[in-house]
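Each structure below is given as structure tokens.
Both complexes below contain chain A, partnered by chain B and then by chain C.
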Partner chain A sequence: MSYIALATTTLTSPDAEIVFSNIPTSVNGVALRDLVLVADFTTATSSTSYIFFNGNDANVTSVRMGGTGSGSGYSDTYTKIFISAGNQTTGQFATAQVFDFTATDKHKTALTRNGNAGTLTQASAGRWASTSAINVLHIKNESNTAFGTGSTFSLYGVA
Partner chain B sequence: MTMRFIQRVELTSNQAAIELTSIPSTFTDLKLVYSLRSNRSDAPLDVLFIRFNGIDSGYSRRQLRGNGSSSTSDTGDTQQFNVYGLNANNSTANTFSNGELYIANYRSSNNKSVSIDDVFENNATEAWQGINAGLWSNSAAVSSIRLTMLFGNSFLSGSSATLYGITAGSSGGVVVS
Partner chain C sequence: MLIPIGIFASSGAIAAPGSFDLLESTVLTGTQATVSFTNLTSKYAANYQHLQVRLVAKDNRSPDASSRMYLRLNGVSSGYRWHELGGEGSVVYSGVGSATDRIIFQANTGNSGNFGASVIDLLDAFEANKNRTFRIFSGQLVSGFNLVTLVSGSNFSTSSTDSLLFGSDFGSFVAGTRLSLYGIKATA
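The block that comes next holds the complex of A and B.
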């Protein structure tokens, strides 16, 4: 397994949606199998962030588990693929791995991890019920508030 | 290749700590993968300590862990990241814990966000898997990582830690907006 850097951005001004488009199925003759997104949020926003594909945020189911630092943790379901909880604060970090993104004979699944040492740690598994190959990856949050200046988003292909 | 090997420490004799030093400042993120066993002999579980740059302050983390029948969540130390997934020498023989530590933007002058996933394996009633969100509140680049433990005093022979560097960039014509 090898990682191939596809694109990266560091926000120089607030931005409410990050879009990675024109995602290829191969790079320099090497076929890509999965996508990995790494996000490092530098400033606070107040809303859950999620990823979706090809401009279509419907037909998604996910399960989530997390811990807030006390008690036994929580688990629930959702209709988006999380990459962060609400009440983000400086230092929130997220990864997402999307499997077999070029396949046209299966739904697309993703595993995500995210957390904020001051608030919670989470993991989720999601499925986009579409057999379309993914060529665009979007990052937004539910209230359409902007991600802060200095936040970084990097996309990798896994061969 | 975007993910490159940096260094590996594999013990051929027991050792009090494992340290990865002189980490180059040429990557974007770091990934540490470890396989460890402590010499603690009075219990199956030890606690792993992780420190950066030899500094014993500025750490915080939230953890969720489960053992197959229950789960619990807690917060961590301020002197290091303390992770509850370290096999001790009273656990199943020849069994080492596994873990992965990811540091995003380790060279940044911002505080460092850290993700730690770990498992303590044991062919008995006590075994755990955990996820952690951590923060090192320090503006310095991470130049070294030191692993020690709470209860035992050495990692056993066969324990290992491998460090990789990951570089963000662009290829394949992907557009980001």
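The block that comes next holds the complex of A and C.
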């Protein structure tokens, strides 16, 4: 029992921010080390979606790379932890893994993969330069566009 | 939308026991050059199909883009091939690994508290009719040396996976480095 479903939601109406709160540090005596977010979503307009923790979206560095099917790909850095890019109106899938989320002696590092079959595929690494344990995970996008009805977000804990 | 979890979410469910299991984990309490998982065949081959290592690591070099980690299988130092795709923040690169005595992937050399992360998947880890194949997803955020990489590697041997050794190519892992080994079953 090392990969534990913590919570999931499928939107029945548009919502601009998804918040998983009161994230446990253990389940049935099993200490959790990592978090995994799995998301399948749309937005009304194209806008980069990202995750942040404990209500604090500052002190973040991330690097991403991706391909759109033409050219040699791209890479850039950013101040948020991406879970999407490009056209989200037709649907994006994303996974984000957050490591040692309960540690109080480490910054919080994340690895994300995302894509849209009609647009691009992308991978990124991000770091929240905070030693605070994570107990809240937020999902938003830059233009505050709402995630669409039917979007699903699921959070897992890894022992 | 606020989704309070508490102990369990109302929609939460426990994964089927024994499908994805934490087998071993180590968190270093001091500097250490290498970390190994051993006797894997006798301990896990009967019950698990695949292995995954989740690694949160930092080595003790000063921030340097060339700092690397490596992986060796069964104490073997030959027969490795690997390819890398990476993003450095302005350039995407790809390459064929020149080293054949190990599989190399990126290491983190950040300041205090700054650890890199890697997920290493070894599919069909114990089967005797396939070469060993690895998939590594890794990232580090170090000022001036941000990296996200995907590595695919293989050891051209059909020997069952019995040991995995992780090392820092230029230094040693520091305290707080964590390596966790997981087993994935073919059926529940």
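Everything below uses one rule, namely that the second predicted complex is superposed on the first by the 151 of 159 C-alpha atoms of A that agree within 3 Å, B and C clash if a C-alpha of one lies under 4 Å from a C-alpha of the other, contacts with A are read in each partner's own complex, and residues count from 1 in each chain.
The rule is simple: contacts are C-beta pairs under 8 Å (C-beta built on N, C-alpha and C of every residue); 3 or more make two chains touch, one makes a residue touch a chain.
Predicted model only: the values in this text are computed from it and were never measured.
In the superposition on chain A, A:62 makes contact with chain C only, while chain B stays out of contact range. In the superposition on chain A, A:114 contacts chain B only, with no contact to chain C.
Touch criterion met: A:73 reaches chain B and chain C at once. Contacts of A:3 after superposition: both chain B and chain C are touched.
Shared-chain residue A:145: touches no atom of chain B or chain C.
Contacts of A:47 after superposition on the shared chain: neither chain B nor chain C is touched. Judged by the touch definition given at the top, the superposed model places A:106 against chain C, while chain B stays out of reach. In the superposed model, A:123 lies in contact with both chain B and chain C. Of the two partner chains placed around the shared chain by superposition, chain B is the only one that A:93 touches, whereas chain C remains out of contact. Shared interface residues of chain A, touching chain B in one complex and chain C in the other, are 2-9, 18-24, 27-28, 65-67, 72-73, 113, 123, 155-156.
For chain A in complex with chain B, the residues that touch the partner chain are 2-9, 18-24, 26-28, 38, 40, 42, 65-73, 90-93, 95, 113-123, 150, 152-157. By the touch criterion stated above, chain B contacts chain A in their complex at residues 1-3, 28-29, 60-66, 70-75, 102, 104-105, 110-111, 113-115, 117, 131-135, 166-177.
Chain C contributes residues 1-9, 11-15, 17-22, 25, 54, 56, 85-92, 110, 113-117, 119, 137-141, 146-148, 150, 176, 178, 180, 182 to its touches with chain A in the complex. Within the complex formed with chain C, the residues of chain A that make contact are 1-9, 11, 15, 17-24, 27-28, 33-34, 61-67, 72-77, 97, 99-100, 103, 105-107, 109-111, 113, 123-127, 129, 131, 155-156, 158-159.
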